[in-house]
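In order of appearance the chains are A, B, C and D, and numbering begins at 1 in each one.
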Amino acid sequence: MAETVGFVGLGAMGLPMVKNLLAAGFGVRVYNRTRARAEALIDNGATVCDSAAEAATDVRVVCTMLSDDAAVESVTVGDDGILNALAPGAIHLSLSTIGPETARRLMTLHDLHDSVYLAAPVYGRPEVAQAGKLNILLSGGDAATRESVHPVLLAMGQKVWDFGDEVGAANVVKVCGNFMIGVAIEAMAEAFALAEKNGVSRLAIYEMLTQTIFASPAYVAYGKLIAEQQYLPPGFTVPLGQKDITLAQELGKRSNVPLPIAGIVQDKLIAARAKGRDEMDWACIGLEAAEAAGLRQVSHVPFDDKTSKRT
Amino acid sequence: MAETVGFVGLGAMGLPMVKNLLAAGFGVRVYNRTRARAEALIDNGATVCDSAAEAATDVRVVCTMLSDDAAVESVTVGDDGILNALAPGAIHLSLSTIGPETARRLMTLHDLHDSVYLAAPVYGRPEVAQAGKLNILLSGGDAATRESVHPVLLAMGQKVWDFGDEVGAANVVKVCGNFMIGVAIEAMAEAFALAEKNGVSRLAIYEMLTQTIFASPAYVAYGKLIAEQQYLPPGFTVPLGQKDITLAQELGKRSNVPLPIAGIVQDKLIAARAKGRDEMDWACIGLEAAEAAGLRQVSHVPFDDKTSKRT
Amino acid sequence: MAETVGFVGLGAMGLPMVKNLLAAGFGVRVYNRTRARAEALIDNGATVCDSAAEAATDVRVVCTMLSDDAAVESVTVGDDGILNALAPGAIHLSLSTIGPETARRLMTLHDLHDSVYLAAPVYGRPEVAQAGKLNILLSGGDAATRESVHPVLLAMGQKVWDFGDEVGAANVVKVCGNFMIGVAIEAMAEAFALAEKNGVSRLAIYEMLTQTIFASPAYVAYGKLIAEQQYLPPGFTVPLGQKDITLAQELGKRSNVPLPIAGIVQDKLIAARAKGRDEMDWACIGLEAAEAAGLRQVSHVPFDDKTSKRT
Amino acid sequence: MAETVGFVGLGAMGLPMVKNLLAAGFGVRVYNRTRARAEALIDNGATVCDSAAEAATDVRVVCTMLSDDAAVESVTVGDDGILNALAPGAIHLSLSTIGPETARRLMTLHDLHDSVYLAAPVYGRPEVAQAGKLNILLSGGDAATRESVHPVLLAMGQKVWDFGDEVGAANVVKVCGNFMIGVAIEAMAEAFALAEKNGVSRLAIYEMLTQTIFASPAYVAYGKLIAEQQYLPPGFTVPLGQKDITLAQELGKRSNVPLPIAGIVQDKLIAARAKGRDEMDWACIGLEAAEAAGLRQVSHVPFDDKTSKRT
């Protein structure tokens, strides 16, 4: 049996990732806020813990896979946090998509505790995680430390991409890439509306483009949703997409890089939320483009002239 | 009695302008494609003509007030056109908002006929025309020729703004100014939606801003429509607004000047047209902002997955 | 002599405002982080204090005029803060431009201390403050409390605009209005570049438009800077402008209102910062438009092909 | 030997396409405005003609491969044009990227002459044309007629994508696809500038993304140029890119489909032209993003305050 690692966060991504770790022979100490999701892994051989600290006890590596910066910070610090429990030299392998500033802040905290923080955000939707085909970006620590976590990472993914010692680098790349996915979605949303309104079926243009110049996973997966105008159930919801675009915009503002198309994608996501579409896949900005083009009927609810309020 | 002038084009602007010329003592030879609008001026003392050429006969100055570049070119050339009828040295006073390139082309044609083309686009909606309070921009010819048309112009407007010998200059300014109006509309559309959604009434913010930092005619007039969400009847329709923004964009493309906010305003006007709002005032892009903010209910008409067509 | 009030924050705006209070016969207890600026007011009759708390002692009303949300919160709480010193029923009159969320948070704190928080952001650049001609927006508390601060406000401004009991309302309006100023700047930046490149002088179009359809303080003041391409010394710097556009964008994101032109203005301000223009007036986005149009020469510093770094 | 076809237009694309036709055993009657380029093909077996009409004589199929709508229309009509020479039932196979409206107009002209117009725009840069790996979109005529040109098309490309009888359909898809390429370029321009400014090398992020989620020809080819900031020699120049984005915008305006990111890409191309970059590949909008982020030094040429002209 391989070594035992800790794992905190059993959402749509974390759950299949832990299953792959177990299948590869790792022991896994799991913690999840909703305990039921952890218990479902007992039959696979996981050890269920009552806190992040417990999951980080007596392991060389503890992984976290959580939804945003605040969640990672919250399981790291405090009495029940990872930092408190990690042995000297042990590694916090942070798989979440968070901002590079947060990564740097967390690294400093780990330095003070003689533990190591490595950034390892992953590419792939839940079905890719399940297939163990994630692409994993890695930065922080030193080359030897990063090398030492490859076996853990390769149990969950197909390839590790090394971005060097600067801990924020992997998150910078992840934020840039997710921003580019958002732009690809908006591009297809606009182009498919243009095609449809000019007599070309959405599926016909989708199939041609994604088998030729845009034959890549991001276009194939998201283009299908937009071609079929099918946004439920979501693979990645509107609020999660908005979180990622916001990370890019904040990084742009902090480092003085204008991102005009990020602004457009953000506005579409805001409009989607304004219309109550939080539960849809973020590809539903395809609906915004369709509505703006008059492809969906917009009802004319009369305003009350005096108050400018909806009647 | 003052001199007799020609006048071609009796739309929402041309009609009150001719009435003011007649009231100021000018004789006016009028021509309009729909003859009934011309005949309505007989009692005011106008002479009704059967063609643009006839209106341009035996006058020192013939005015044209038409909806777009093509219309001005069409009444200028051909057997029944102005050029054919103008005496040597006579002046075509072109009051329409058209592109500077068209103005230069028309000037060249007049040069060849020994007549003069002056650009004199006007600022003011129909009610301003009626009050004789238009602001009139003037360029082309030479200083003496421009001076010679001041009495005609001041019968219709409150002030003449001289932009020199280059015939395109007045149209450049007009196009820039109308583009800026479109931006002011979009700014209020966004800001008033933001205010409303945060509990401030549209009228309250409108009144404060247009009595202080934005106390100017463009904001007062268009802001009222957006505050009251009242876009019918139109003072200036969506297609006319789109024509003006398109003129700015074409000028920008020809002279290599990026105009990012013109692009946004154009997109809002396109969306308004897609939703069947051609008959509304172009301030109705206030509706686009309200809909994008979820302030109006957007109906969810289901798409047929196979065809991507509306069911 | 009228009553004595407290005043915290003696920047470019606060200083002339206190002078006007003193001139109107108010006693003023002043506090400023840099004490020298406070001492300069001794001859005018001000009492210099060593802390915000001291300025808030034994007064019915203490004013704050600071640069951002964090600064207002910091002088409010803590041992040396206003809250600690305010008598029951006394009023914190907050003149700064901050977000409505911050205002609501501060109001809650004051409620707990039996003191009152009123939002009173002001319109006007420093020269307007000096002339006592500010427009002041007011919200929070109840009608009688707001009425009770009118004498204080009218010593500094020409008019008080009442936006009711909801404490965030005045800040919502202020944020919307400042966003609209940013848009007006961008509109002129684009339009004046378009005019210049088509042979019309910036000053000529500026004068015509700001005496007619855009004859309002925002266009007159900022348009002059853009027409003359003169951005030093600043009346309101790039980082301050960016703070205000960011407030609008955050309000938009929180309340689900897309603001496409706010995104464009933000990007221009980011570019200005990237080019080292923090010390300029935020109207310097006129330079961005000029550069994008090739009106200023952009040097071609060669990149090193292998590293993509500047050589 | 296979049949003999006509071919008009021997630019960077046409030349290798004709070579492939000849290599596949077709006879080819070639015409090019600059005759020298045609004569260079004599050794390969081509027959050089003196006009488009001559190239269209005695053939079942004549191909055209030209730079824009006007060029295609000009070789089609007139005494020396294709229409005049085509036998009844013969086919004009139009390989250029033009607007669907132009295609429909040309189809009507061919109908009147009892000849057939087929739209067959191609995907692939010159090196792809050389390798005979183009993807070819096909629409117009009827299924049998389209089937009959497959041998000709497959001598030049790897696959024919059929879009049915509506002649404009292939061009609609081509215009949409090229617009999406422009967006992909802008997305990488922004993202790579963001990465570079945050310490990640352009090549590192390029390699990771184009081997994973964006592993498609459009990203691989254009991303390399942007990662290396190498825009000379061009594969597709700025004015050609601008032509394609303009086709998309005009199609959007005609069919009422807002295309916000097309507007942003257009503005970047306009800025590139304003800075004298017509000879660069249109991927050079990577320079615009770098400059806006301050990654290249922008010189501060002083303006003359009085005239707003460059000194």
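Note that a contact is a pair of C-beta atoms (placed from the backbone, for glycine too) under 8 Å apart; a residue touches a chain by one contact, two chains touch by 3 or more.
As the structure is a computational prediction, the values presented were derived from the model and not from experiment.
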item	value
Same vs different contact residues, chain A with chain B, by half of numbers used	same
Of B-D and B-C, pair with higher C-beta contact tally	B-C
Longest centre-to-centre distance from chain C, chain (CA-based)	D
Inter-chain centre distance, chain B versus chain D - centres from mean C-alpha coordinates, in Å	38
Where chain A and chain B are represented by their mean Cα positions, the distance between them in whole Å	51
Interface hub residues of chain D, defined as touching at least two other chains	192, 252, 256-260, 264, 267, 270-271, 274, 292-294
Graph class of chain-chain contacts, one of line, ring, star, complete, other	complete
List of chain C residues in touch with chain A within their complex	246, 252-253, 256-260, 263-264, 266-268, 270-271, 273-274
Complex contacts: residues of chain B adjacent to chain A	192, 196, 201-203, 227-230, 260, 267, 270-271, 274-276, 288, 291-301, 303, 305-310
Chain C to chain B touching residues, read off their complex	100, 123, 135, 137, 159, 161, 163, 166, 168-169, 172-173, 175-177, 179-181, 183-184, 186-188, 190-195, 197-200, 204-205, 208-209, 212-219, 248, 251-252, 255-262, 264, 289, 292-294
